[in-house]
Amino acid sequence: MTAYTVYLEQLHAMLAAWSKEHQVYVPTAVEGGYFDFKPWREGVEIAFDYDLAYNTLKRYFLPPKEDLVVFDLAAKTAEMVFDAPKQLLFGVHPYDIRGINQLDQIMETGAPDQYYLHRRDATVVFGLTPMRVAETAFWSSMGAGEVDRGFDLFWTKTGPSTFLVEVGSMRGEKMLLAAGELTPASAGAREAARKAHLKIMEMGRSNALNFDWKQVPRLLDKCWNSPLWQKKAELCLACGSCNLVCPTCYCFDIREEADELLQKGVRFREWDGCMLTSFALVAGEHNFRAKALERYRHRYMRKGKYIYDRYGELGCIGCGRCVRACTTNIANPREVFNTLWEASQHED
Amino acid sequence: MKIKEFSAYLPRPATLKVKKELSELVTLFEFENDSGRPLMHKPGQFIMLSVYGVGEAPFSVSSAPIRESNNFELAVRKIGAVTGIMHDLKVGDKVGIRGPYGSFFPIQKFVGQDTLFIAGGLGYIPLRSLLHYQLKHRDEFGRIILLVGTRNPKERIFIDQLAELASGKDVEVLETVDVPDETWKGHCGVITTLIPKVRIDPDKTNVAMVGPPIMYKFCLGECLKIGIPSNRIYVSLERKMKCGLGKCGHCQINHLNACIEGPVFQYNQIESVEEAI
Amino acid sequence: MKPKIAFFDFAGCEGDQLQVANLEEKLLDILSHVEVVSFREVMTGHSDDYDIAFVEGSITRPEDEARIKDIRSKAKYLVALGACATIGGVNCIKNFMSPDVYKERVYGTSGRWYSTYAARPLKKVVKVDAELHGCPIDRSEFARVVKELLLGRQPWIPDYPVCVECKKAGNICRYDLGRICLGTITRAGCGACCVTEGAHCWGCRGVAPKANLDAAREAMNKNGFDHKTVRDLLRFFLGDTYAPL
C-alpha cells in the first residue's frame, strides 16, 4: 500500500482545501467527556485520541429520515428524489469502517439501494488508528480491529505531530496530494504505524470476548432456548436505543406526508428497530414478535448468527455503543455471548 | 456526481377498472397497468400498492398469471390505513404499484399431480391465482381439491365462484365455517376437520395452503398425518412488509426475509425455522 | 363540502390552541380545506354545527361532563388536544391529595363554594377518536394529523418511547450525563424536543403503550435517583396513568 508521511502543520491547509468541495466531519469533544463527529470549520479541535464517536456514523449514509419519492396528489404521479451531498469523514476507526463495509454489502444485495449507494459514493472516508479504547468497546476481539478496504486514506498518528497516511483509493491519494508533493513514508515510519496498531490492539484486549468470535454463530445455534433471553428481556424498555446506535442495524419504516395544500407529498423512510414493540405487528393486530424475549433474542441472533449466515461476518463489530445506550444495562453483546459460551461449556 | 435516475421505490401507475364487494369488509379490485404491459406475476407473489398521501401496503395478487391482459385483481380487507382508503376508491382512480415481489407457487411442480388447496379466511385470495391458472390449463393437472374455511358465514368471500366450482366437475370443493348462523346449512368446525375427510394419494398430491397463523399450527400437522411429505406442502406466510426489497427488516423470519425468500415457502424449508409457523 | 372544525377547551391553559394559531402560514394553507366554526383563540363567533372537534383541557368538575358529552354528540370525530385532554396532565397532581387539602390550598377558606373533583382525561368520560399528545402539542404533528384526517386516514401516532427520537436527533443520553429522564417510558412524537434543547423528558406525551415501567424505575434508582425524585417526576404529568408509585 502506498503511504506518505504527513505533518500536523500540513493538515490545516488540507482540511481547508477539502472543505471547499466536501462537508468535512471530524471527531471532537462534546458534552460529558464524550466525542462525536461534528462539521469541521476553523477553530474546531480534532480529537485524534477520541475513544468512540457517540453517535453511529451510519447517519451519513442512512440518515435518520430520508426522502424516497415525491408525488403529486391530484395527478397521481410520483418521482424519485436523491440527495447525496459530498462529504468527508475524517478519522473513522477501523471497526466503524467494518460497519460501513457491512452496510455496503447489505445495501448492494438484491435490489441495490440507490439512496444508500449514492450517499456512499459521495462520501470520502479517511480512517484513523485508535489511540484509546472506550470502556464499553470490545472490537479487538471481534475481528474488527483491522480493516483493508472501505476507506480512501488511512491515518495513523506516529508521533506528536506526525502521521503515516496509507492510500486506500485513487480518489484519496488525489485529495492528499492536491496541495503539493509529500514525502513517501520511510520503512521506519511504517514500522511506527505498525507498532501503534499493535499497541491499540493490545489495549483493546482488556475487554474481550472469552472465545474466538468465529464460534459465535455456532454457539447461538444451540442457544435458542437459553434462559438468558427471558432474564435480560424482563428489563428491556423496548426503546430501540441498541438498534438505533448500532452501526450495522439498518431497518427502517416507510411513511409519507402531504403538504398543507394537499397537492404534493413525500414518501420517506425513517430509522426503525426490531426491539420496538410494533416492529413485526401487521394490520389486524397480529404481532409476530409480541414478547420482549422474542425481540431481544432476535436482535442477538441477527448480530451473532443470521448476518453471519448471509454475509460471512458477525453483525456486531464490538464498538460498544449499545452497551452505553442501554439504560437498564442489558444490551451488552460481549457479556451475552460470554455468558452463553460459559453455559455451553458446562453442558457438554 | 452523476446520479442515476433509478429507484426501486418508485411506483408506476395503475387504474381501477372494476370494484366488487365480496363481503362486508372485503372488496375485489381489478386494476389495469397504465404501462400497457401485463403484471407478469406468478401465483403467490405480491405487489406494493400506493394510495398517494395515505401510504403503501402489500397485497397478494389474486388473479391468474396471464400475458394476454394488463389487468390484475386484488381482494382487500378493510383493516388498516391504506386498505380503508382503498374502499373509497372509485372506478377510474389511479394508484401506484411496485412489484411483483417474492417467491411463488412453482407451477411446474404441480403439473401432472393432484393439488390440495387449503384456504383459511383470506388465504383463498392468493390461492385463487394458482387455482385459476390450473383451471385455465385443466388438462395439465390431476385432481383439484379445494378446502375452504371461514370464521362465520358473513365473512365468506367469492361465494358465487365457489358455488359454481362446487357444481362443476373440475374441482372438488369442501367448505366449512367455524361458527355457523341460521343461514348456514353446510359443514361446521375449523378447517382442520376437513382434512381427514378427503381421500388423496399422498404420493402424487401437493398441498397449497394459505391462512392465518393459527391455522398453520394445526393444518400442517394434519397434512403430515395423512402422509404428505413436507417438501410437497407449500405455504404463504404473512408478515409486516414495508419495502418488499429485503431491506427494511420488518418481515424477517429468523434469517429469512418473507418478501424475498417468501412469502411462499416449501414447508421443509421452514420446518425447523423457529417463529416461522 | 369542506369539513367543519371547532375548538373547545376545558381545564387547561389554552397553550395547545396557541400552538395551532402559531402555525401561521401553514395554518392558512390547512384552513383552505376546512371551515372553522369555533376557535376562541383566533376568532369570534361560534356554531354548533361541526364535524371535527378539537378539545383541549381535562375534566375537573362534575358539570364538565355534560358539556363534553354534548360536544361528543355533535362531533363526528373528536380529537383530544394536548396533555390535559389526553392524559389529564399537570391537573392530576391534585389527585394525590384529598379534596379538602387541594380545595383549601387553591381557594383558601372559600373552597367549599367550588365544585371540583379529581382531574381526568377526556377518554375517561367520552369516546375519543384520536389523541394529539404533548404539553404543549407539537405544531407539525397537529398539521400532519389534520392532513391525515382530511385525506381520510386514521392519524399515525408513534407508540414507541422518546428514546427513539433522541437517538435520531443524536443527543447525548441524559443518563450518560448523570441526569434523570422519562424518555425511556414516554410516548414519542415530539422529536425529543426537550432533550434536544438541553432539558430532560418530563413525560408529557403520556406512557408509551407497552412501556416497561418497572425496569425504568429500577434504572432510575440504580442511576442514583431516590424514590421521592422518581415519584415526583412521575406524578408531574402522569398522575392519571398507572406510572406513579
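Should a chain be cited, it is by its letter among A, B and C, assigned in written order, with residues numbered from 1 in that chain.
Everything that follows uses one rule, which is that a contact is a pair of C-beta atoms (placed from the backbone, for glycine too) under 8 Å apart; a residue touches a chain by one contact, two chains touch by 3 or more.
Because the structure is a prediction, the values reported are computed rather than measured.
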Arrangement of touching chains [line / ring / star / complete / other]: complete
Pair exhibiting more inter-chain C-beta contacts, B-C or A-B: A-B
Separation of chain A from chain C, taking each centre as the mean of its C-alpha atoms, in whole Å: 37
Chain centre separation in whole Å, for chain C relative to chain B (CA means): 43
Centre-to-centre distance between chain B and chain A (centres being mean Cα positions), rounded to whole Å: 39
Junction residues of chain B - those touching two or more other chains: 53-55
For chain A, residues that touch 2 or more chains besides their own: 255, 258, 262
Residue numbers of chain C (touch at least two other chains): 147, 151, 156
Complex contacts: residues of chain A adjacent to chain C: 30-32, 34, 36, 54-55, 59, 64-65, 234-241, 244-245, 255, 257-262, 270-271, 273, 276-278, 292, 324-325, 327-329
Chain B-facing residues of chain C, complex: 147, 151-154, 156
Residue numbers on chain A that touch chain B, as the complex places them: 68-69, 71-73, 76-80, 82, 84, 86, 106-107, 109-115, 118, 121-122, 224, 250-256, 258, 262, 265, 267, 269, 272, 274, 279-284, 286, 288-289, 294, 298, 301-302, 305-306, 309-310
Footprint of chain C on chain B - complex, ascending: 53-55, 81-82, 84-85, 88
Sites on chain C touched by chain A in the complex: 26, 29-30, 32-33, 143-144, 147, 150-151, 156, 159-161, 163-164, 167-170, 172-173, 175-177, 183-185, 209-212, 215-216, 218-219, 222-223
